[in-house]
Structure formats: structure tokens, C-alpha cells
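First chain written, first letter: the chains are A, B, C and D, and each begins at residue 1.
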Amino acid sequence: MAVIFELAVQGAQMFSVLLLAPLLIGFVRKVKARLVRRQGPSVIQPYRDLARLMRKEVVLADNASWLFRVTPYLIFAATWVAAALVPTFATGLEFSWAADLIVIVALLGSARFFQALAGMDVGTSFGGIGASREVMIASLAEPAMLLIVFSLALVAGATQLSTVAAFMGSPEVGLRVSLGMSLIALVMVAIAENARIPVDNPATHLELTMVHEAMILEYSGRHLAMIELASFLKLLLYMSLISCVFLPWGLESAGAGPKSLAVGAAAYLGKLAVLAILLAVFETAVAKMRVFRVPDFLGAALMLALLGTLLLFVSRSL
Amino acid sequence: MNGLTFDIAHLLAGSLVLISFMMLYQDRLFALINVFALHAVVLALSVAWQAYIQDAHHLYITAAIALVFKAIVIPVGLHRIIQRLGIHRDIETAVGIGPTMLAGIGLVTLSMVLMLRVTPEADPLAREDLAFALSIILLGLLVMVTRRNAVSQVVGFMSLENGLVLAATGAKGMPLVVEISVAFSILIAFIVIGVFLFRIRERFDSVDIGALDDYRGERR
Amino acid sequence: MSTVALLLCGPAALLATAILAAAISRLAAATRLVYGAALFISAALLATVAGHLAGNPGEVSAVTLPLGLPWTGARFRLDGLSAFFLVVVNLGGSITSLYGLGYGRHEATPRRVLPFYPAFLAGMNLVVLANDAFSFLLCWEFMSLASWALVMAHHRDEANRRAGYIYLVMASFGTLALLLAFGLLAGPAGTYAFDAMRTAHPGPFAAGAVLVLMLLGAGSKAGLVPLHAWLPLAHPAAPSHVSALMSGIMTKVAIYGFIRVVFDLLGEPAWWSGVAVILIGGVTAVLGILHALMEKDLKRLLAYSTIENIGVIFASLGLALAFKANAMPSAAALAFTAALFHVLNHSFFKSLLFFGAGAVLTATGERDMEKLGGLIHRLPVTSFVFLVGCVSISALPPFNGFASEWLVFQAILRSPELPQWGLKVIVPAVGGMLALSAALAAACFVKAFGITFLGRARSAAVERAHEVDRWSLAAMAVLAAFCLLAGILPGFVIDGLSPVALSLVGDRMPVQIAEPWLSIVPIAESRSSYNGLLVFAFITISASLAAFFIHRFASHAVRRGIAWGCGFVDAVPAAQYTAVSFAQPIRRVFGGFAFRARETVDIPAPGALEPARLKVDMHDLAWEIFYQPITGAIDFATERLNHLQFLTIRRYLTLVFLYLVILLLVLALWP
Amino acid sequence: MSAFSFDAVAAILFIPAAAAAILAALPNYKMTALVNVIASLLTLLAALSLFVTERPAPGQYLLVDDLNIVFIVLNTFVGFTTSVFSASYIAHELDTGRLTAPNLRFYHAMYQIMMFGMNLAFVSNNIGLMWVAVELATLTTVLMVGIYRTHEALEAAWKYFILGSVGIALALFGTILVYMAAQPVVGEGTNAMVWSVLIEKAARFDPALLSVAFIFLLLGYGTKVGLAPLHAWLPDAHAEGPTPISAVLSGLLLNVALYALLRFKLLLAASPEAIGPGPLMVTMGLTSLIFAAFMLYRRRDIKRLFAYSSIEHMGIIVFAFGMGGPLANFAGLLHMVMHSLTKSAIFFAVGHIAQVKGTQRISEIRGLTESHPGLGWALVIGVVAIAGLPPLGIFMSEFLVVSSTFARHPWLAIPLVFGLLIAFGALLLRLTGVAFGEPRGGMAPVEASYVPMYSHLALVFAAGIYLPAPLVAWFQHVAGILG
């Protein structure tokens, strides 16, 4: 009985993230639009876009290979699994132990790997640009991410997200400079990974500075839909990651009753909303930077993360 | 052994050293050869003396060889070679006379020091003779390395070998002395003939000269 | 007949095969015969070891033959460590021989390959079994010699000759270093048997010296920076299946030597030894992969990435040393197991990738990626398995590369418990370096696969290419399967490694097979866990779910058209992104300090017709800092000394004379 | 029994002497090569019979003991194989007209005299006699080096002659000094030159005299060994003489001089206050090793290259004996035997190469493994062996020398290893050029048997893998004698 219930909770999370992701994007876009005094499309516009893409035919370049056609599903699957393993409204889900934070990062890594390959498949210059820049960004973002994981593991003594979240929720954490640094670093990494301003601009084409869009330039129809959905999921994933690690309030263990789970869900939605608004504000406030400033940006994240780790030794005198 | 015999042996050996110094001093070939002839004569005397005091009669042969072969035949031969090669005018020291003499003195002292470390209960005559022989050998080598001309190198070598003979005869009852002196005379004859045949002034050109210019092709 | 004696028959048979091969190498059937024999023998050896492990893994069997050093005899011994490396060697050996059955037929001069190939295999087997210093070094150098002969197989190419030369010089440098190390371990009495060395513990200074010498000796063979210079020259120079052996297996044998001496013979390590090894490992990993990223020769790229993986392994071994020195056996076991696991994994995917490179070479005759591209259409199977290899080596789940690197990171996460501040601070930094190298590896293999197999064909050679023979494909498929299996069922491997860890660091990782759902839990489930099987299952399920959903409810329509590319149409395939241009952003970021890279753009005056040029000059710092000064010094010395060949007789006499006088002076001044 | 065994020793000396006389007299020069081979074979058999027969008591002039029997057998064996090689080599020289029939008779006679001299040097129990024998061997080789009568050959011979004679003189003076040191103790007369007598009473000799004596002997015989800086004659003599002579020079004559040195080292070691021979030998060994290693790089003549490598190896051997101790001495003996075999094999190969390619210039020989596989691979094996790589014999000796040295005096092992590495680099560089790459030079097949060459290499290979127990016991015993 309990097992079935937990499986149900796990399933609920899997599909809720799938459903929530476009909504989150729609919300962010809406907020951004309002911030610049535009009406903006409705919040559910992303669903409409996806549906329309699904209906459209796929236009494939002549020399697109099988890899090009498989990749969208792989990207989607990897991202979805990763997103499903991050605690959103409840910790200790049935399968949460199948992967810890490092695995989740690596899953996103595989998604990126195939995306970069797909970008190079057709053999246009844009694909190459996108791919080469993407891997460059990733090569800096991933170490930063790992160092963040490292300092979290130092504090919580685990890389298992449920444990980390539970620990961060517990009172003995207190306020720590190093944790603040890790938070900033994590935010920077999240921005880079999700191709948001100032690293990349999700809403542009025909710009020599574009990264993510350049890679998926050749995609259309359902393939594009898959990739878009994957990127939505990714944003959701990072937000839930931040919220479950740094704002772990209201998280319940999966064993708890439906009522407390409902509370957890509400709390989760609240956090998402807050983060979405912050993101929107930030994106409207700053300008996109040159591609070759990005390394400095991420280098700063890397340094912050390392600094956080070392500070931790001092503060803990481990 | 009584003092007189000892003194005579000592005198002869010492005068050999002196004559070696005279060789160092010469810078003309003819003069050098003449001095060498003198050297050989004195050697013959000293060998004979040794033969007398050790009454080892075979040593007289050695003395005779020294006298006939080294003091007469070789010098004459060398004279002719020099005339053939037409090098009798050469000033042929590689190092100046002065430094050479200084080096010679240094060498003699060195050999003295070395031999005085020998425990005194060894036969004193042998000891003295050894000291002189060693210095004669070293001086002979010095002549060889400070002279440009093959002929004078030969002379140096022969004086070196005189030192050997002196030592050998000084060693009481040493076997094979005669054989050795004969062997050496033959050796020297070979050298002289070699000089004569190959018209050797100083040296041939070396063979591997081409390798002097390095070849970058095989550099790593 | 003891197990080890049984195992020794294998190398003997291989050597016999080598001699036979030398005799019959003119025959047409020779290729098939030799590789078949090698395959059979390696498989037999593998089976024997497997049987031994299945039966009684802990059991040690030794034998002494009346060969080698007279009073020591040639001693051979089979224990957990050597058994594991025997598995690595013979698994690689048998699969390589399988590949060779097909690939060998394209060999232009089989007479220069066939005799040495079995000898090389035999050498590696014997090194792993040797149990005294003399036999060890003899087999070690024999291995180098055989591989040198294989590198010289295509000797008409000047570059190969140079590679072979540098390789053998570096190899004998390493051997001499090992020789000195063993000299210290053996002591003045000259007890060269490993058993004796094990019991006699050297003093701290001697132990330090031995460690340094081992880093020089084994490190030069494994390719640690800065001793790596020969590796990217020699490995690609050999025929591809030999490159696979050298990169995938021989470097592992070098690591075996390091482990055998430092963990087994040397006794208790000092904590700073851990620091040294960890740092060198981290630097090696990063520099190796950066070099790989800058390469455009496929096989050299692979060779450089070998250097990176060696770095990862050494860093992990260094961690194990540090933990061992601080009496933290469980953590040491974790790091040590991670290292061995990565050894196994690297032997899988590096062999796979070199096989792929070999297939490309046979299909197109090209190693230069700038002349390849679009091969995915021509070589469907090869490209698929190569892709598997790329994913595995890039440490992406659910493949095996990720499993072992994950374990390494878990080991790094235990470093805060170390008492020494130096380690506390260094290990996280090195962890960052390893993460960096992993990410760069992903970048590197995106480039390798993307430029070689994707995009449009860059040369006519590609147009003519067609899929390679079945043997090669079979070999590559087997390796790809291993990569996946080791990735989704890591628990079995880890448990298989536990006896080794137990015998060398005094503890083992918790039993993994017992875990629910076959997930791996290094310390505790609440702390960290990973389940490759589930991740793999989830990805496949959700991917197929999505596919099913789409094909059920969405449109199926597909229209082929010319590439969109924002309306720009690249006229010629040459206009595609090249390997060099792909690496440019990363070169921009790291090139400055890693290679002193300088980019100069000269743009012609407006209206001028000649193209603008981007010129990049990079320097291999290891080469410039370490090797060129040495060769320069040797040149200088030879230059000076060479004059002594051309003196006159008088001058030579002067030498003799002076020497005599000096000696006499010494005597005169003698007390 | 003892009568026969004495015959064995006598035979070793008599056969070459007689053969020399016959060869000198033999009118038909075609026969000479054959006679030469047969004589060498007989000598070898006589030497081997020394193992089975009991040895004569040490006499005033002759002595057979554990130390020299090794040398004798090695000497006669290499002498035999070289004579076989020389037969084919000389035939070719006749065809090309570099040598004439009278030359040939002279050459073979000289060959046997040289063998006689070397054997005499080994069996002599009298330091004076030993000196005479060594010089005899030297002078004969001088004549053979000059046999081609070319400008270079004559110069080489002359250089050899002059430096050799000075060496002779120095060695003689050393011998005289030893006699003088012995004479007060042993008494006048021949006894004071009998080695087996000297070694017993050496403890009571005058140490200062002995020290001076050793210095002269070291320089005198060291000149023959070819230790730097006394080596000057060696490279040219090897390069310009006929190749069989180069083989004999490197493989045997150097050993003869070395053997003499060893005898006197023992004598000196027996007298405690005298100067220790060890440090001197170690210094000279290291000097020669490192010097020769550097000299290897710029060589253009292939025979001169390997001549320098002989200097290098003599350095290693002298170093090993200088280190002393059971391990190092064992290594030294082994190294000496292995070097003789390997180096002579290499010179056989080089001889064939020079004949087919018509040149000795390294730069004009390329791709041998392709144009002449048998020859090329033999050269590769030989160089690999001489460079001290396994699984060949020299690896074992170098292993022992280096490891034992490093355990005892680490700071001595560093320059040793350095020199080894430098030399290896040079040899391999030249080998890569000569054996690999586009074939260049003459392509004509070799019409000569590879048997001597490959038999040597086979022996070296076998020794690297497996040393028979009796041989080991023997070497260990001798190493013990050498202290």
C-alpha cells in the first residue's frame, strides 16, 4: 500500500513537472512583458506553441542523419528524468536515491552533449558556432557546479538531494557566508545553463552571438517541440533545485499524508512564482554580454564556489 | 755495500737526470741528438757499473747495446733523416724553454717526494736509482710532449726508455733485463724506420676531420 | 599444476606464436593464423583467470623458474592485483586480436607487425605476473621493445622513425628510474625478490626516493605530464589495433607497476606522497585533455585523451595513498576501487575509440579530421559504436565512464575528514580540476565525433568510404556492449574489485550486489547513491513514451529540404566548422596559459582581394621547458668534446702525460 | 693425467705459434684462410679441454687458475668465430683488390701470432712474461691495422704505435717497481716476478712502491684497455683496420689488458696500506663511460661509432670491478664476456654491411632491415643488446651494476645512469638511421655465412634469459677471488 502510494507520489511529481514547465515559462514571459509595459502573450501561450509545433510537419535538411532525428527525444528524456529526480514538493521520493546531485548534473550534461552533436549534424556554420560555444560554456559551468555540490556536501554531509534538503531545512544550518556564495554561484550557473540573459538570449535569431538557438536552428515541428519542452523543463529543474536547497521550507518527506503534501505543493508553487519574478526582473534589468565575456562571468562563479568551499573549512575549522 | 760504489752509481744516475735537463734546454735538432748520444753513453757507463757491482755479467750486454745502438747507430741515423727531410733549421719547441725547465724541475721534485715515501729499509741504492729513473722517465715524456717534431719525439721516447733501463738494472737480480732492452731497441728501430719511411714531420691529418662541422640534419 | 604455472603457459604460447609468425609471415594466411592464435590464447588466459577468481579470489599462487637472475630465479606470482590486471590485459588482448583478424588484412607490411604483436601481448602478461625485480624489469622492457618494433612498422615515414626513437629513449629512461627504485628496495645485499622487499621496509628518505623514482619510471610509461611527450607521437604511429593496445592496455600495465611498488612493496606511505600524486594527476588530466582539444589528428586526439584519463586514475590513486596514510581504510578503499574501475573502463572505451579511428583510417585513409566529415552516412555501424565510446569517455550517464568518475568524486567528497590542511585545501581544488577535465572531455569528444562523422564530407576520400569488415565491427560492438554493461551494473565490478582493495589498502567497499535495485552506495544511501540501471531504464522509458505519444497524436509528416541556416547557404563543405575553429572558444579561454597561444588576425585593406587570415601559434610547454634544453645541452657537450677526436699525436701524448702527473700528485698528497 | 693437462696448456700456446710459422711459409695463399680456421678451432678445443683435465701446478712461468680460464676459453672461442668470419671477409677483400695474396699470408700469420700473444698473456704466471705477451699482441695488431696501406690506415697504425709504445714503457716501469717492492721480501731472481708467489706475500710489500707501481700499470695497461683519456688510438685503429681485426681488438685485446689490470688490482688489494685501486678505477670508468657516450653522437663512420661504444663498455666494466663486492664483480665479469660476444657480432655485421654498401659512412647506409633483412635485424639485435636492453645478456650485468651501486653509493649511480642513457640515445639514433627508412646504397646480397654473427647473438640472448648453474657458480667463485 505504502509502496503504491509512494510510487503514485513519484509519478505525480514526474507529470507535474512536465505540466508545470511551460506554465513557468509563460509566467516569466508575462512578467517580463509587463515590466516593459507590454501586454504580452497569455500565460498559457507556451502550451499553444508546443501544440502547434506538434501539428506541423518536420522539415529535415538533406544530409540530416538518424542522430539528428533521435536527439530531440534523448534530450527530452534525459532532462525529464533529471527534473523528476529533484525534490519539488516532497523529499525522499521512491526513486530519488537512484541519482544524487552529481548524477543530475551529469544527466543535463548528456542532454547537452547530444544537443551539441545535433547542432553539428547538418553541417551549417551556425550549428558549429552554437555547439562550440555551448561546450565552452559548459566546460566552465560544470566545475563550478561541482564545487557548489562540494560545499553543499560539506555542510550536509551528503550529495543526496533529499538528505541535503532535509538538512538545510533543519535549524542547525544557520546563516553562512559560504552558503551565500554557493547560492550566488548556483544562480550564475543556472543562468548560463538555461541560456538566459546576460549569457544568451532565448528570444533571438540571426544574431552571431546566439548559442542555444544556433544549435537548434535546423529543428522544426515536433522535434523542435521536444527540445523546447526540454529547455522549459531545465529551467524548472534549476528553480526547484535552488528552492529545495536554499529555501527548503514546506518540503515534506514523501511518507507524509496527502494533506501535508498538498501544503508542500502550495509552498513549492509559491517559491517558483517568486523565483520566476526575480528572474524576469533580473533579465529586464541587465543587458546581454559579449560571448567572450561569458568565461569571465562563469570564472567568477567558479571562484565564488571555490571560495565558498574554502571558507567553509575556516568557519567549520574542519 | 761500501760508500764509494754507492756514490759512483749515484753520481752516474744523477748525471743522467742532468743530461735530461740539457735535452729540455736544446731547441735545435742536431744539438738535441748529440745530447741524447751523451745520455746514452752515460747510461751505458752506469749499466756497466751496475753489472760490475752486482757482478751480473749479462748486464754488460745491455750496456753494450746502449753504447753501440743508442749512442752511435741511432743518432747517426737520425742525422741522416733530418738531412733527408731538410728540417734541421727548425726551431721546434711547442712550449718555451723556460716553462719547460720549470716543469722539469717540478717533475723531478715530484718523483723525489714519491720515492722518499718508500720505506727506508728498502735497498737505498735501489731507492735513489728509482727516484732518478722516475724523473728521467718523466722528463723524457716532457720532451715528447713539448717538441713538435717527430724526430725529437723519438729522442724523447728513447731517453724515457733509458730511464727504464736504468731502473731495471738498478733492481738487483731482475730477470729479463737484457731481453727487455733488446726488445726496446727493436721497438725504437721500428719507430725510427717509421719516421723515415712515412716522412713524418709531426703528424698526419686526422681522418674524421669532416665531422667537425656539425650536421643539423640529425639533431633532435 | 598451480594456477600461475598454468597462466605462464599463455605467454609461452604467445612467444612461440611470435617465432612462428617470424617464420611464416610471408604466407597469405599468416595474418589470420597469428591473430587467431593470439585471440585463442588470450581468451584461454582470460578464462583461466576468471576461473581462478570465481573459485578462490583471495588465494595466492607463486612459482619460481630456474631462469633470469641466477640466485633469485624468475619468480612469478598471481594475487588479486595481478589477477585483475590480467583480466584487463587479456580482455583487451583478445578483443584486439579479434579486431586484428579483420584490420590486419589491410596491413601493407605484415612482416613488421605479425611477429611483434604476440610478443607484445606476452610481455604485458609477464609484467603483471612477475614477482622479482629482475623479471619485472626484463618483461617491462621487453614490452617496450616489442611495442617499439610495432611503432617502427611503417618506418619509411620520417615522423614514425622520430616517434619510435623518442619513445624508446623515454622508455629506457623510465626503466633506469625503475632500476634505481628497485636498487633502493633491494638494498646492498641485492634481495631482488618482491617477497623479500615486502617485508623489508625502507626508511622515510629511501621511501620518498622510491616514490619519486616510481613517478618517473611508471609515470613516463603511463604518460604523466611532463613525461608524456613521447605518447602522442608513438601511440598513433603504430597500426591502429596496436595503438589501442598501447593506449588502452600498456598504460594500465604501467599503472600496475606503480600500484605494485607504491601500495604493495613500499609499506606505509607518508601523507605528502598523496599530495604529490594527487597534484600531478590533476595537472595531467587538465593539460592532457586541453592538448586533445587542440588536435585535429584523430588518433593523436585519442592519445592525448589517454593522458587525461591516466591523470584521473593517478589522482584517485593519490587520494587512496592519502587516506591510507591517515588510517582511513574505508575511504582509501573507495578511492582505490574508483581508480581500478576507471582503469577497466578506460581500457574498454579507449580501445573502442582507437578501433573506430582504425576503421575510419581503413575506410578513408585519413587521420586528419579536417578531411573527414559526414561519415555517419557511410559507416553507420562504426559511427554508432564510436558514438557509444565518445559518450562513455565523456563520463555521461548511464555509461561506464560516468560510474567510475562518480566514484572518484565520492572519494574526493570524503577528503574533509583528512587531518592535514594541505590535503584539505588541495583535494577540492583538484576535484575542480577533474570536473573541468570531465567537461572538457565532453567538449573534446563532441568535436571528435561531430567533425569526423557529422556534417558534410570534406574530402573525396569520404565519398568513396564504405563500412569495414565484420571482424572489426564485431570487436567494436563487443566493447560498446561492455561500456554499457559496466555502466548500468557497476555493482558487480565493484564487488569484483573488493579483494584487491582489501589486500592493498586494508578495507573494501560495502557489498553492492545486495543493494536494492542494484544501485551502488559507496558509503550510505542517505549520503549518496547512483543507480545506472534505473537511470538507463528511465531514459529509455521516457524517451519511448515521448516517441510513442508523438507518433500517436502528433503529425508524422517529414519533408526533406536544403538546410535552413538562417538563409545562408554554405557553398562548399570546406565552409563548415572545422576542428580548429570548433576548439577556438576554448583556446581563447585556456590557451593563454596552457600553450602560450597567440592569435593574430590580418585583415587585408578594404577592396583588397586576398582573404583575411587568422594565425594561431601554440607551444607545447612541456616540450619547450624540459626536452629542448636537454637536447640543447647534449648538443653543446658533443660539440665541445668532439674536438678531442682531431688532436695531434703530441696533444694526445700530452693528455696521457698530464693524467700521469695528476695521478702521481694525488699519490704524493695521499695521507 | 697431469701430463696431458699440461699438454693442454702447452697446446694453447703451441698451436698458434706453429700455425703462424706454417702460414708464413705456406706458398698457396688460398689455403691460408682454411689453415687459420683449423688452427683456431684446435686452439679452442685445447682450451675447452682445460675444463675436463686437471690443472698443472702453478709454475714459474705458466699458471691456470679459475680467473684466467674464463678468459682463455672466451678468447679462443671468439678467436675461432672471428677466423671463420675473416675467411669470407678476406675473400671479398681479395676480389675487390684491397688486399693482395702476400698481404694475405702476412695477415693470417699475424693473426695466429696475435692469438699466441693473447693466450700467453692469459696463462703467464710471470708479470714480466705477461708484459712481453701483451706487447707482442699489441705490436702484431699495429701491423694489421696498417695492412691496407691507405693514408688513413697508416696514420691510425702510427697513432696506435706511438701511444701504444708509451703505454708499453709505462707498464714496464710499473712491472719493475713491483719487482722492486717484492725483491726485499721474496728475494732476488725470477721468483719475485711470479704472480702466485707475489699474491701470497703481497701484504709485506712496501705499500708506497706498490702504489706508484699501480699508477704506472693503470696508465700503461689502461692505454690498451682504451680508457679515456688514454683512448686516442682506439677509434682510428678500429675504423681503419680490417673488420676482423676490429672485432678482435674490441672483443679480445681490450680484455687482455683488462685481465692484466685485474691481476695487479688483486696484488694491490692484498696490501692494505697501499693506495686503494677501487676509487681510481671507478673514476677512470665513469670518465670513459660519459666521455665515450658523448663522443658517440657526432660519429660519421660506423666502425668508429662502435669503437667508441667499446670504450664506453670498458668504462662500465672497469667501474664495476672498481666498485668491487660480489655483485659488482659478478656483473663485471658477465659484462666483459657479453660485451666480447656482442661487440664482435656487431663488427661481423658491420663488416658485411660495409662490404655490400661499399662504404662505412653512416649517412650513406639506410633501410638495412628492408634491403638486407638478415643483416639489418642482426644489427638491430646487436645494438639493442649492446645498449643494455633485455632480454639480452648485457641487461643483466647492467641491472646488477646499477642497482647494487645505487644501494651502496647513490651518488655514484647517478652519473653511471646518466652516461648509460646518453650512450643509449646516440646508439639508437644511429641505429634508426641505418636500419630503417628508405633503403640506400648497394643492394647486392651478401655472399657470406651469418653463422658466426648469429651464434654470438644466440649466446648473448640465452645468457640474458638463463645462466647455467655451473657457470654462475664459477663466476661467483671468481668474483669472490676478485674481492
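The rule is simple: contacts are C-beta pairs under 8 Å (C-beta built on N, C-alpha and C of every residue); 3 or more make two chains touch, one makes a residue touch a chain.
Which chain is which protein? Per UniProt: B = Hydrogenase-4 component E.
What you see is a predicted model, and the numbers here were worked out from it, not measured in a lab.
Give me the fewest steps it takes to get from chain B to chain D if each step has to go to a chain it touches.
1
Enumerate, in label order, the chains that touch chain A and chain C alike.
Chains touching both chain A and chain C: none.
Which chain is most remote from chain C in terms of Cα centres?
Ranked by distance of C-alpha centres from chain C, the top chain is B.
Counting C-beta pairs in contact, which chain pair ranks first?
So the chains sharing the most C-beta contacts are A-C.
Can you check how far apart chain A and chain B are, centre to centre, with Cα atoms defining each centre and the answer in Å?
98
Just how far, in Å, is the C-alpha centre of chain D from the one of chain A?
That pair's centroid distance is 79 Å.
How many angstrom lie between the centres of chain B and chain C, each centre taken as the mean Cα position?
Computed value for the inter-centroid distance: 68 Å.
Quick one: report the Å distance separating chain C from chain D, using the average Cα coordinate of each chain.
44
Would you mind listing the residues of chain B that make contact with two or more other chains?
Residues 114, 117, 141, 144, 153, 203, 206, 208, 211, 214, 220 of chain B each touch two or more of the other chains.
Which chain D residues reach two or more other chains?
In chain D, 158, 162, 166, 212, 235, 298, 429 touch at least two other chains.
Quick check: what residues of chain C touch more than one other chain, meaning two or more?
165, 635, 639, 642, 645, 647, 649, 653, 656, 660, 664, 667
Just spell out which pairs of chains touch, all of them.
Pairwise, the chains that meet the contact rule are A-C, B-C, B-D, C-D.
Name, in rising order, each residue of chain A that touches chain C in their complex.
Of all residues in chain A, those touching chain C are 54-63, 65-67, 73-74, 76-78, 80-81, 84, 95, 97-100, 102-103, 106-107, 109-110, 112-113, 116-117, 120-129, 131-133, 135-136, 138-143, 145-147, 150, 153-154, 157-160, 163, 205-206, 217-218, 221-222, 225-226, 291-292, 295, 302, 306, 309-310, 313, 318.
Mind pulling up the chain C residues that touch chain B in the complex?
It is residues 162, 165-166, 631, 635, 639, 642-643, 645-650, 653-654, 656-657, 660-661, 664-665, 667-668 of chain C that touch chain B.
Enumerate the contact residues on chain B facing chain D in the complex.
114-115, 117-119, 121-123, 126, 130, 133-134, 137, 141, 144, 153, 157, 160-161, 163-164, 167-168, 171-176, 179-180, 183, 187, 190-191, 194, 198, 200, 203-208, 210-211, 214-215, 218, 220
For chain D, which residues count as touching chain B in their complex?
Within the complex, chain D contacts chain B at residues 128, 132, 135, 139, 151-152, 154-156, 158, 161-162, 165-166, 168-169, 172-173, 176-177, 179-181, 183-184, 188-190, 192-193, 206, 208-209, 212, 235-236, 239-240, 298-301, 304, 363, 429, 433.
Which part of chain C faces chain D closely enough to touch in the complex?
On the chain C side, the touching residues are 66-71, 133-134, 137-139, 141-142, 145, 152, 155-156, 158, 161, 164-165, 168-169, 172-173, 176, 179-180, 182-184, 186-188, 190, 192, 634-635, 637-639, 641-642, 644-645, 647, 649, 652-653, 655-656, 659-660, 663-664, 667, 670.
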